[in-house]
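You will see subunit A twice below: alongside subunit B first, and alongside subunit C after that.
Right after this comes the complex of A and B.
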């Protein structure tokens, strides 16, 4: 069993320090931020994490806030990866909150969008409170994606940030982890992109997906930078770890390899 | 285990696939999607078969040339010819007038002329010994060659569409010129898409939405970015649950970069059109068939519904040509085999080897 577990690990898992045992879950209490761009979608990282988190020999729980895709989309993808979301949903391990239609009827009234997010937070809290005490720190909240939350809030990114801060308190209070997807290139032309800077500041782990600098390639779909901050080394010091990987996305897995190591 | 309760295997055949073949203009795609045609057979091939139902196509306009209209016209005509319902919105005063400019499908004899013989293609490929460049997607192109005739028509741009196609009930036109915000358009879209709600079982009818020049400066809402974004977000979520597709064109040069990026992220399929300067001697030397080109089409994003695997195209830049001044075709750029060391030439030189996509290599 242990050997099998090791074999299923890939370079991304290593970069995220997931190679340690499942208990305690290595990402517990952490905020993981995925940044992608138009050319290279980063959603496969999200799918990979869902699969890892819901792996059968753990008792982790996912609360998924979907702003961009319907359930059927994730269901089909995860099934190909070997994870049945419908079954996990029935087992109360996967909570899917469909937020596609979340919109404030009147953008000028700040209260409404605040209300929408407050309700959403209330829902998350309710789910967590309903769990047995010893399972509460096994929860991962995933958001796909935050830029659409801003759209739902008619551009009042402060409300989105407030919401994220609330969720972030859950990481310290209860020990939840938080996985957020955002698009980096939206903010690259801004002079002072407060929104993304704040998120990057909060993030413990930052994953960036970018296209290859050399252009199109059929067997390398892009590159991945994983910045893992605040790892406790043996003597209690904090250190950062940066990994650069290239990847190729397939239906049933993603291949990761070091740059240049692929013949 | 509970996992096996709901579905026994991941490899169950989709029951829908049988029933879908009866609806004209709808074809089965991978991952449980269904394609409708864009009205340009070359574009369908590039997109991997067509536009998947439920997806949003965004076209970035060229500020100086109306090439996006070519795409829109073919898209709309294709729907009307197949009796699909159409909602057309534009910022002009009389959007219905635009319907008069739609192209008509050519008679089959004309259409035959531009269909290449598949055998001939094969011969070319071997001669070039570039077989390895034709990946999996090439095969999928060949698969539906025979059924193409009814899935996608060839449109004769010089022949207007017969009136009876668009005089009936199935066309809805909206002018957004005088509306202060997008609420009216949103309501119309909601109403329109309500007819095509996706139910379990077969597809009974398909709808197309064409929105021309969203955020054009003559509209009052054009400076309310969040209004536009939230409209697109809403449209997208409506499309997800409907048997319909939407094509929206917008002028990126008038929008802020941030806003433009947001729109690009929301698109399932992202294209851009560019005019080519009338007499660019250098470009003419570099590209074969330059004199027939009217512009370039760039493909940035291809719809990835129900899958995480990106579709890597052999080329992302295509030339828009008018064959015999009638038929719209897209071709990979055939670069003359000289240097081409400039920065932008990657896509061009890469495409040289993949040029059999449309088959003609004029050397």
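Right after this comes the complex of A and C.
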């Protein structure tokens, strides 16, 4: 029974091929896109990945771009999950870039927002360059969340895409990973949600959280689908290309299970 | 059929004609256009190495992948890249497309971590300047083929990236100029069609002589971005699809072909669709909710239906009720008009109506104007 419970908690890791300690890190050089909606926030996936990346037996590093919430928020949640972000920050394994106050000055908004993102990219590359040579390919850049990044860019999605492109170059130049959270329903009224589709084309792995098609349930909070789209990269594991899970967010953990496995 | 695309590109341009141009277009419901692009690139590279192609070199304009990715890709596909400096050039529009890294290095902020550009890579630091991009492509090609009458092929991995930084007219101009350049043997590019309006994708398609359309196997999945409502269908069709290709002949005739593909670790595999499958025809039919054709079962059921007033299959001559005799008479043995044994029925008097219409005396129809012929 304990083994079954333990396994159920690792279904997301299994879907992402993280279930066993692997070298190189399975997400190395990949872009992982999390798409959520108002009814089922995808933040818990982001928290799960932070905890997984910063596990004590790994040398992985996180550069976290927070457009959504302050450091204290993430620290409080991760403590409940058993991960001390303050300690990780002090050990130079967690770099927190507080972007809440990122606002480009008035004037030529187009130019300044582009310049602002170029500077932000410069900060990220500076952090990576300061790391020891053998740790540079253990870096994961996380963005929470892209829709607020677009707000900071005065609605210029092109500047956001330029920034994401430059972050993407780090996946091939250095072997970094990129984890991005975005809200799908913000763009649902558009006939062609180009911005979100651009990111879907970029992504090697797409994780979608959605409410249950059948409506609300007490013991199931939503469904989660993992699509491994980066087939042509050649180093991906071909098993479990598509995984469909259901989840229940608890106080200090998230439980994952297959649809229909709960009576 | 993917082979016939590659053959077309391999054979190159006829004297005085534009080079063959291929648009590979996909959409988010079947986002495997890059796999087709990679297949075409590796096939043409093999032809060039074997000396079977009109072109003697390839210029890859890389917007979405790094130069090292392409070298690794060709290695994985079994192409000998040891001599690649002789036949391969990569115009790197990926590493620093807007010159941000260049500025960072200039300001002394940080050390450039990217690998030293190999002898086959040229860096483009401003993708917005399409005139410069055009000259860089041709310069890269000249490094391969020299000044003589030697041809090169051009591969562009994302027209979308160009369209994001420049207006449609400029991009179309660049593609058209490359296609008409006398040193370009063939040109092909990838386009995500759902990121742009129809007029944009149509403009790009008009420039090309072949359009390879990557579509999902299941037509009901079309236009849906990862439809989680139907996860089973998503699983069934993932990594598979159809490649519908339009070949435009010089005389204006269009030939259509269709093939199914399956993506594996080693690459993309194509399987021809037999004509009796009707897959091509189905693709051309309008997409409607009802069936436009009968299934085999429905056809056999239809054949069994006995039509009214027709008594077939019992060996008797077919008799048709003429509408004037009652069924009771038939029971009493009276003869019906029969197609098997035609005979005149004397009892029924023959009548004839003779009617000559005198149009001038007729009253006009109510919606006609009786005075329309008067010149008042």
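We take it that the second predicted complex is superposed on the first by the 239 of 263 C-alpha atoms of A that agree within 3 Å, B and C clash if a C-alpha of one lies under 4 Å from a C-alpha of the other, contacts with A are read in each partner's own complex, and residues count from 1 in each chain.
We take it that contacts are C-beta pairs under 8 Å (C-beta built on N, C-alpha and C of every residue); 3 or more make two chains touch, one makes a residue touch a chain.
Source: prediction; values computed, not measured.
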Message: Quick check for you: in the superposed arrangement, does A:187 touch first (subunit B), second (subunit C), both or neither?
response: first
- prompt: Looking at the overlay, does A:212 come into contact with subunit B only (first), subunit C only (second), both, or neither?
  reply: neither
Field: Contacts of A:242 with subunit B and subunit C, given as first, second, both or neither
entry: second
Task: Check the residue A:90 against both partner chains and state whether it touches subunit B (first), subunit C (second), both, or neither.
output: first
Message: By the touch definition at the top of the document, which applies to A:131: first (subunit B), second (subunit C), both, or neither?
response: neither
Message: Between subunit B and subunit C, whom does A:100 touch in the aligned arrangement: first, second, both, or neither?
response: first
Message: Applying the document's contact rule, which stretches of subunit B touch subunit A when the two form their complex?
response: 2-7, 10, 31-32, 135, 225-227, 229-230, 233-234, 236-237, 240-241, 256-258, 261-262, 264-266, 270, 300-301, 304-310, 312-313, 316, 346-347, 350
- line: Within the complex, subunit B is touched by subunit A residues 38-41, 43-44, 47, 69-70, 72-73, 76-77, 79-80, 84, 86-87, 90-91, 100-101, 103, 107, 147-148, 151-152, 154-155, 183, 185-190, 214-218, 221, 249-251
Message: Looking at the complex, which residues from subunit C come into contact with subunit A?
response: 28, 31-32, 34-35, 38, 65-66, 68-69, 72-73, 76, 94-98, 100-101, 103-104, 109-111, 113-115, 160, 164, 192, 194-195, 225-226, 228-229, 231, 234-235, 238-239, 263-265
Field: Residues of subunit A defined as touching subunit C within the complex
entry: 118, 121-122, 125-126, 128-129, 136, 158, 161-162, 165-166, 169, 172-174, 192, 194, 197-198, 200-201, 206, 208, 210, 213, 223, 225, 227, 229, 231-232, 234, 238, 241-242, 244
